[in-house]
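Have a look at these structures, which come just after this line.
After this come two complexes, each holding chain A, first together with chain B and then together with chain C.
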Partner chain A sequence: MAARCLFRSYSRVKNVDQNTRILVRCSRRMLCSVPSDSSSPDAHVKPQFMDAEVQDILTRIAGLDLEKVFRPIKQELKPPTYKLMTDAQLEEAIQSAREQAQRLLKMPPVLPERKPINDVLSEDKILEGMDTAKYVFTDITFNIPHRERFIVIREPTGTLRKASWEERDRILQVYFPKGARRLTAPPVFQEESLKVVFGQDRHEDVLDLCQVQFEPDSSEYIRVHAATYEDLEKMGKYDLLRSTRHFGGLVWYLVNARRVDGLIIDMLQEDLLQDAVSLVGLFNKVHPNSEIAQEASSQQASGLDLLKIYAKRESQRAGYIELALQAYEQTSAESSV
Partner chain B sequence: MLPKRLPVRLWTQAVFPSVKSSLSLCTAASPEIPSDAAEAVEALARYKDRPWDYLESEEYIERYGTSPVWSDYRRNHKGGIPPQKTRKTCIRGDKICGNPCPICRDTNIIIHYQNVKLLQQFISPYTGILYDPTRTGVCQKQQKQLNQAIGAARDHGLLPFQVPHVDFSGEDYSNSHDAVGSTPPPPTMTPWYWWYHTIQPDETEVAKVKKTYKAYLK
Partner chain C sequence: MVRLSSFLLKTYHGGHIVIRLAMAGHKQSNRPFYRVVAAYNKRARDSKYIEQLGSYDPLPNIYNEKLVSFNSDRIKYWMGCGAHPTKPVAKLLGLAGFFPLHPMTVTEAERRRALVELAEGAAPEEVDKQQEL
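Moving on to the complex of A and B:
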């Protein structure tokens, strides 16, 4: 009888599947078409994190320091191997190392928080009081992605509902354990432990652990990342993440929060003017209605002029930026002369 | 005033002052015993709440200096190769064995997950792997405590360790599939079996049954 109930609900879901796909497609099309109809003709879709040009800018800003990416880590020691190479072979080896580094520095996705799952598939009052425990039915077929796996729970009250996101993560970890992920989150991610770890300058470790433990669209992941980025911005320790895969996420967070001041000054202190220019360009793309973007588009500014506009309008520490720009112009004039 | 370092034969008195062993029957050393024992008990209580304070105290520096606590310990065993397992425990009930391990011989050393300096003495600085007890000389009970404390310290983020790289390519995060997206609720239909909802019984049938079993009804 229980199997028939489950089959019935599954078949209903399967029949509904096609309808919802059509519905979803229609609704998505409608959502896409609404802004362009209602607002002015030169308004555009907000650039997303995964857009090619955004990713291009972020990878350029993050840098590629081979020394930092391939620094020696603590692991089981083996006796060293020595190779004799010609110059050409050395160049090839360095090139392959650069490609490997680019693969390692590929950024993890930045996603909005996932919507909670609150679907009830069936209400069977006859099953009320049959048992005191919940039953969790999981589909453990091997070759389907985890996000397409059905996990349903029969409550003691008789309702058959879909499992919530936290329950899903836990149950998938039980049946399909994943690397170093734990069943319950380690206490590193609580507020006090985070403070201690930030005091030791180990932000990169915290972000790595967060990626291992949580899904990219879960609330815990977003909270830990926000806390880390806030601490980095407060202390001004942008250099800790500079050649890692997390730098793109940090820059995206700061650009969306419109607090790129500290980062621009840090770049100027490190003499990374091109990076600062690209950062202001990205800011203009993400906030096209801001003063800087409008002035830049009106003047068709590029290069150091963008930085000057930024220093004039949005920055709180305009004096420092202007001084640094003047010093750079002087040195470039002297070197050209 | 610093507590004096305890003479060897007074370990039992220091750790378990209430126990009377046969050694305490001789009265020659008796004027000294009570004050030393009291100071030792006070030292234990002093470091119970904050075990990491002991590693900064002068007593510790005088005894160990900058080298780890297990550096000057040597196991007693027959032959050149030590047994592959250290002893199970140094302290059984009231009795301490001869030549206790580096952690049991100093009562002020307490293994605690926040006592990071002590825990780091038992981890290799080059590989990040814990030292084998045959190298450090600790008894098996204390080694288990050490393993648990180091695991807890790593969980709380006090000890650094290497995290594996996670690959995010090839995963779909759109959440459009019905398993995780929202599906409309099922339409209410007639129950699967006609008897699913509560049924009112037929009065005549009920009366007939009651009449047959009248003797057994209250």
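Moving on to the complex of A and C:
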């Protein structure tokens, strides 16, 4: 309504600045207003992916295997460089390599799916039939973040509406191209092709490609990631993602779906008991109303006790976990003796 | 017509600045593509301009869209300096919602609808005539 009043004023040389500024301000407010969901009656705030504690636990579980992080990626061939170093310099080089590995392992964000845009700016029935094609207007001002940019479409029926998320992604790629992103999604992301690629154990490549191609809150991104995590969990091939930056996302997905069994057993097989313990701790934090969490808080359990409680209550393959715990206790007893 | 020209533009030799469409690419290609450009009035259409403010692709793409881009920030600046938009630029910006709607856009839409109705009125008559014959 406000927009239509503005546009009716024909003294455009005087008012054009005011109009556009008001339009920008209104739309910026509309775009930025996210309803905060404070409707949950219980007092606790659900831990989000980006909380410091959650990120800490996830980075610890993901591991830091230098060999795997810096394994050769496909890049153009350069002859190798050799350097002569003292032991101290070697230590420094390893340290800086560790820091770079940590930066490479920075987890991509896990966001809820974005809500579709259905905003109609104006309906002009007088313009119906003016053209057979749509007009897409983009604002290419340099300093605006892409999320707040104006991309509006004038349909042949005369309605002026905001572009949907998929159209926005495509048009932003036309005017502000991003590296390896393509205008249309590569056919790898269809169901059948995904199955083929999973058969070849290339989950990591799929996830990297998905990272490049889609925005983190688009439905395509979430669908591809869910499919990858499901396949990994079905096959039990957690090791493929172990030292990469996608491991945190995998753990978060499994914890939210309450299907951590396979992962815990895999960790016990690899003798990563501390990781298993932190995983159960994370589970308790995210689902504080579950039986395990309540028992753990009542007994103030930590370490192996957490795993025992988990094995008793929640897991379907309790026997295996208890056996593994007993074996670990035996070996630790023997080594201490 | 009163030519308003701000103090900032008095350095040039009496012309004024316009925001207009200039054909980009080469004339031999049979594929038009326009740039929205701020240029002096007296210059040739495709020759040296002051600043490019956007683009307009008149041929629709595979999604049946005609892509138009404009740098609203700089257009506001040049309008503030006293530049005049030409009719096609004014129409495009009116369709975008940046300017109010140009009256000729409405007239053109009405004319097209009249043509379509004429064609529909003519086609059933022809079909009837052929059936009679």
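The rule is short, and it goes like this: the second predicted complex is superposed on the first by the 294 of 337 C-alpha atoms of A that agree within 3 Å, B and C clash if a C-alpha of one lies under 4 Å from a C-alpha of the other, contacts with A are read in each partner's own complex, and residues count from 1 in each chain.
Throughout what follows, contacts are C-beta pairs under 8 Å (C-beta built on N, C-alpha and C of every residue); 3 or more make two chains touch, one makes a residue touch a chain.
Remember, it's a predicted structure, so these values are computed and weren't measured experimentally.
Asks: On the A-aligned overlay, A:Leu104 touches which partner chain: chain B = first, chain C = second, or both, or neither?
Replies: In the superposed model, A:Leu104 contacts chain B only, not chain C.
Asks: For A:Thr141, using the defined touch cut-off, is the partner it touches chain B, chain C, both, or neither? Pick first, second, both or neither.
Replies: second
Asks: When both complexes are superposed, which of chain B and chain C contacts more residues belonging to chain A?
Replies: B
Asks: Does chain B (first) or chain C (second) touch A:Leu121, or do both, or does neither?
Replies: both
Asks: Touching A:Pro80 in the superposition: chain B (first), chain C (second), both, neither?
Replies: A:Pro80: touches no partner chain.
Asks: What is the contact status of A:Val206 with respect to chain B (first) and chain C (second): first, second, both, or neither?
Replies: In the superposed model, A:Val206 contacts chain B only, not chain C.
Asks: After overlaying the two complexes on chain A, where does the chain B footprint on chain A coincide with the chain C footprint?
Replies: In chain A, positions 8-9, 12-13, 16-17, 20, 121-122, 124, 126, 150 sit in both the chain B and chain C interfaces.
Asks: For the complex, give me every residue of chain A touching chain B.
Replies: Going through chain A, the ones touching chain B are 4-5, 8-9, 12-13, 16-17, 20, 24, 73-77, 104, 106, 108-109, 111, 114-115, 117-122, 124-126, 145, 147-151, 162, 165, 168, 179-180, 186-188, 193-194, 196-197, 200, 202, 205-206, 208-209, 211-212, 216-217.
Asks: Going by the contact rule set out above, which residues of chain A touch chain C in the complex?
Replies: Within the complex, chain A touches chain C at residues 3, 7-10, 12-13, 16-17, 20, 23, 121-122, 124, 126-143, 150, 152-154, 158, 160, 171, 174-175.
Asks: Can you tell me which positions in chain B touch chain A when the two form their complex?
Replies: It is residues 126-129, 155-158, 160-166, 168-169, 171-173, 175-186, 192, 196-197 of chain B that touch chain A.
Asks: For the complex, give me every residue of chain C touching chain A.
Replies: 4, 54, 60, 63-74, 76, 79-80, 92, 95-101, 105-106, 108-110, 112-113, 116
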